[in-house]
Structure formats: structure tokens, C-alpha cells
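Here it is, the structure in full.
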């Protein structure tokens, strides 16, 4: 544990929606090139917590945040330019949200807004990203077709390719398979497995088998707090906290 | 029981009667005008000038097209900009309320008031005289609420997830608007433009006090010109020629029908886009 | 992560990056400013319009007298008599008449389309009504001139150019507005309301009149007010059929002149005080429209609160 690099850390992080205290005193250290799963019943604050990491909560009015979030030892809310931050911390959403444009343009969107114009470079990035997202073989002959014509699973992999195209260091995934069928879910899980070698991945999931299958570290959220955080194997085999055990064995949630 | 049945029959017949009146009024107006107008409608009428022995309406068609084009060019960018501000930037509060109030009031002002205003402001004070420009400027204010409102609706239809997706990639707000939001709203914006054209083509009171009613071919936007609706008004009011009036009215009705068709097409495309 | 070792080059890099961010943020602010300007242009337009209309139309109230204009019975601009009461009366009468006709027929048509019509029939009627909404008002006027006026003359006498002709034309003109807005609000009445009523043994028609229409009343009222605005503001269609004599109409068959037609007819040649009087006519019209608008916003706000 000592020589691993801490990519993201939070210190006494709290988040309020108006009067609702949604995230309470979170202190967590997330390792580089690891898959960290956030589990817990719905409404436990895990998605909200995830969105504080790339400041997507800034979009919601009446949100108040106290405490600190560090990314590479710098404060996310003070030291970073928000656009730069989001470029380095990518995000995949619950429901696939490809833009209503061609598959190619979807992947090229990020590089383009960050100033890459040369056609060859873009072609290269699109191909690479789609390959990394395990989608290239399926779509290489119809890159000009509208992305909304793809299946749900393909759309989600396209969204992952879209994130990869801007070369982030961290990828946040907010229940990325909750809208997909089991086969498509499996493909995404395989993909996450591949990606862990090069990216730091934080994934929110409802599905405990999924967390057990793909993650190295697991954090269990309950009522806005982290009840237990540690190696996935340990959390699932010998949880320390009774509440974690109850949740994992399906006694509530 | 029996009394209630009789009452219901009377009520139901009244509803049917009213619907019949609505439909019959429409059918009567449209059929009557087209039936009388069609026989006078020919290529020579549409494509010749209005001078010498000729009484063609080509100059009026051109003036209408110029005025409509100019107005749309002026009103569309401003209207889209305003709608973008209202939907994407404005926070609930005084400013939003003020702009909303202004657009609603502008939408309710009768066209003759626009005419009056255009006459005193553009024609007299700014010295644009009776010209296509004066007419277009006046009409562009008149259609501004239509453009703003329709575009606003279209922007509100663009799913939040598109904006989130773009912002999460590190796009700025304006990049998101330009790259994702606006392109997604294009069919709605198209609807706004078509609706505006419809209003401009049908407008009379505001145009004839600002663009005048000269029947020549307009050489430039500083020339006075007579739009089709104004032409119909003059023909009917002065009793010059009812045949020409019928034919002109027929062209106006056909134009409106085409515009409605185009609007429905555009709106249909918008709807399809967001339905899986 | 490999940190940059040379602190000077790191600082340099940091500096250029900051500059890039600042430039980009500046662009963002400019874009937002431009959009705000567009939104503000709408407010500015209204302000300029209101200012000029009032600036040109209000002074004459001081010169001639408010009472002499608003309640004056005689319009003889060449003799400096600018009484527009007959026009106010004609505008109001024509509007009331048109709305009485349009609201009744329009609401019933909306009921038919929303509640009774089979799908195929409403699919035919709805686009037809949209077409009716798009037809230029001058075409309505022309139709009135060529069909309605002679019919009135034939059956009632008096030449046909009359308040009645204006009422008929305006009534038909505002039908589409009332029908489409009423239909929309009738359709948005929650189905539970209707089911509740039907389950109590009420008939379909009882449900419509006792439940649906009251539930949709704010939408229906809004449609009627909008129609009213259209009627009072209409110009060209009215000019062609109303006769335009500036007199207080004694009956439906009398000729009359509305506020709008007063402006449209005389504006092109009016000078001096006469022109001011026409602007004063515009001011009166403007005030009427503002009142309607305030009523309308109140209704919408109420409807919003109810939901």
C-alpha cells in the first residue's frame, strides 16, 4: 500500500441540497490505476459523492459543499480550472447519452473542443478510442451514421470511447450498466477490466456481483456516510461492520 | 330520466352544430376564394409586371420575399440569442421576468401599433422613408416574440444529459451550446423561422405604413415595395379588380397552406429526434 | 505521476496555461454578454415602441383635453374636433360581439375535438383549423367584403357595411385561437377527474360540462382573452367591412369605425395635430391591450399556482 500513488482524496467532505445533508464527512483515498466500486442502497449519496469529484454538482442550484477534494494533491474546488479538471476526470453516465450526431463526431467532439483540428489526427484518435472501447469492429463501416441508431450497450461503449478520446486520467462511472441488458453489461465489465491498466476508475453500482467481479477496492455507503472501505475481497468475504454484512448478504437495500 | 335524455340530445346537437359552423366557415372561405381565384390564376398573372397593360403580381411577390427574407435575417439571430440566454444562462429572477414580460407584451401588441411605430421611428425619425428596410425592421420586432418563444421551446426539449455529457468532457458552457444544444434544436428553430415567414406574408397593417405600396420592382432595400397582402388590400379596398383580388388571395392561401405543411414537417422531425 | 522537476519551467508552463484559461474565460463572458444583449433587445424594443407611441400621442390630451378626446362624440380633424368615443365604442362592441360568437362556437368545437370526435375526424379537422389560423386577415376581410356584406344587405338592408359584418368576420377569425388553446387545456385535464365523475354514474356530457370544462377554465379563459386581443387589434379585415363612418353605432346594421381603422385610414395623410390625434388613438388601443395582457398574465400565474 505504501508505494501506491493516491490519485484522489477527500477530507471531511460534506454536501447539502438545501437543508438535506446528502454526503457526510467523507474521507477517502483512491489509488491510481485501480477500480474502486462505490456500493450502497439507492439514495445513500454515492452518485452525489461521485459527482463532487469532477464538479458536476456545480450545475445544480442550491448545492453547498464543505471540506476538500484533492486530485493529484491539488484542491479540485480551488486550484483547478473547471474545464481542465473535467478533461482529466472523465465521466460515464447512468443512461447512455450519445449526442444526436454521427458516431465519428461523437468521439471527435472532445478532441475538437480541445483544439485538435487536423483530420488525420482526429481519425487516429477516433479509431484508437473506439478500439479501446471495444466498439471499433462493430461500427468501423458506419462511422458516419447517427449514434442514436446504435443499441443501448453500443451507445454506452460509444460514451466510454468519447471519454477516452480526451485522454483522461480518471474515469467516473455512474451506474453505467443499469440501463443495459445482461449481455451488454458483461461487455462493459470486460471493458472496465481492460481499462484498469491505464486509468483510475471509480464506479458506482447497485449490483454487488458486479462490484465483486470488477473492483479492487470497495466503499460501502449508507445514509451519506462511508461505513466501510477497503479491498474488495475483504469487504465481501469478512466485512468488519455489521451493516456492511447485512447489505452484502441482502438483508436490506 | 327522460328529461335528462332530451337535455343531453340538445347539448350534443349544439356541440355538433358549433363544430359544423367552424368547419363550414373554413371550407366556405377557402373554397369560395380558390374557386373564384383559380380561373384568373395563370403564369402571365404571376410572372408579369404591374404596369402598361399588365396587371401581374411579380413585383409584389418579390417585395414579399425581400421583406420576409430581411426580417428573418434580422429577427432570427437576435431571437435565438435571446432564447439561449433565457434557457441556458438566466437565473430565475427580475431579469428573466422582465424579458418574459417584454416578449409577451410585444406578442400582444396589435400590428397597427407596430405600423404606427415603424412609421414614426424608422420612416420619419431615422429617415429610412417608405422602404423595404423600414418594413423589415418593423416586422422583425413584430415576429421577435414568435422566434424567441418557439426557439425556447426547442431548447427546453434538448435533454439535460446532452449538456452533461458535453460538460463532463471538459467543454465550456458556450462550446456545449454551440456543439450540442444548438444543433439538436435546429428543427425547432426552423419552425420558428417558418412561423415568422407566415406572419410576415400575412401582415398588412404594419407593412403598408412602413414599406409603402409602390408597385414597381424594388431596386434596393431602400425602395418602397408592396407586399402581396397589401396588394390584396388595395385591390379590394379601392375596388380595382376583384378578379385580381381573388387570384392574389388564392396565392396567399396556398402559401399559408405550404407554410403549415412545412411547420408540421419540421415539428415532426423535432419530435422524432428525441423518441427512441 | 511524474512531476516536473525543474521548478522554473514548471512555473512557465503554469503561466502560459493560466493565460490560456483567462483568454478562454474571457471568450465565454463575451458570448454570454452577447446573448444577454439579444435578450435585452426585446425589452428595449418594447420600451422604444411604448415611448414613441406615448410621446407622440399623449401631449394632445393636454392640448385638447382628456375628456374631449376620450368622451368626445365628434371626429372632425379638420375642425380640430378629435372625439374618439364612437371608435372606442365600436371597437368594444365589435370585440364583445366577436368574442361572444367565437368563444361559444370555439369552445364547443374544442369540446368536440378533445372529447367526442373519433380520431380520424379530429385528424382532419385539426389541420384545417391550423390553416384557418394562418390565413392572412386581409383575406378574411376580402371574403367579408365580397360575401358577407352583400348577404347582410340582401337580408337586412342598410348597405351591408356594418358592425354586424365586422363581428361575423372577427368572430370567425378568432375561432382558431380559441379552439386550439381550449382543446389543449381540455386535453390536459387529468383522466382521473373524468374517471371519478364517470364512476359516480355521471354521463359523458355531464362529465364534460361539470368536470372537464371547469378544470380547464384557466386555459379556456386564456384562449378567449387572446382571441379578444386579436379582435380588438385587427385592422385590415375590419376596414374592409365596417364602413368606417366615425359615428356611434345605433344598431348592429349601422356603419362604424374602430380605433384601429381610424389609424390605418388617416395615417398616410394626417399632419400636425391630426397626426397627434391618431397617435392618441394608438395610446388608447395600447392601454386596452395592456389591460388584456395583465389579465392574461394573472390567469396564467393562477393556473401555474393551481398546478
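Just so it is clear, A, B and C label the chains in written order, and each chain counts residues from 1 on its own.
FYI, a contact is a pair of C-beta atoms (placed from the backbone, for glycine too) under 8 Å apart; a residue touches a chain by one contact, two chains touch by 3 or more.
On a predicted model such as this, the values are computed, not experimentally measured, just so you know.
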Worksheet item: Considering only which chains touch which, how would you classify the arrangement: line, ring, star, complete or other?
Response: complete
Discussion item. If I rank A-C and A-B by number of C-beta contact pairs, which comes first?
Written reply: A-B
Worksheet entry | Chain centre separation (chain B, chain C; CA means) in Å | 14
Item to complete: Would you mind pulling out the distance in Å between where the CA atoms of chain A average out and where those of chain C do?
Response: 51
Worksheet entry | Centre-of-Cα separation between chain B and chain A, whole angstrom | 47
Discussion item. Two-or-more-chain contact residues of chain A, please, as numbers and ranges.
Written reply: 83-84
Discussion item. Among all residues of chain C, which ones touch two or more of the remaining chains?
Written reply: 24
Worksheet item: So which stretches of chain B touch two or more other chains?
Response: 172
Worksheet item: Which residues, counting only chain C, touch chain B once they are in their complex?
Response: 24, 27-28, 31-32, 34-43, 45-46, 48-49, 52-53, 56, 104-109, 111-113, 116-117, 125, 127-132, 134-143, 145-147, 172, 175, 179, 203, 205, 209, 229, 232-236, 239-240, 260, 263-264, 267-268, 278-279, 282, 285-286, 289-290, 292-293, 296-297
Worksheet, complete the sentence: Listed in rising order, chain C residues that touch chain A in their complex are 1, 17, 21, 24
Practice prompt. Would you mind writing out the residues of chain B in touch with chain C in their complex?
Written response: 4, 8, 11-12, 14-19, 21-23, 25-30, 32-33, 77-82, 84-86, 88-90, 98-99, 101-106, 108-117, 119-121, 141, 144-145, 148, 172-174, 198, 201-205, 208-209, 229-230, 232-233, 236-237, 242, 245, 249, 252-253, 256-257, 259-260, 264
Worksheet item: Which part of chain A faces chain C closely enough to touch in the complex?
Response: 5, 32, 72, 81, 83-84, 169
Discussion item. Quick check on the complex: what are the chain A residues that touch chain B?
Written reply: 54, 56, 59, 61, 83-88, 90-91, 93, 95, 97-101, 109-110, 112-114, 148, 159, 162-163, 166
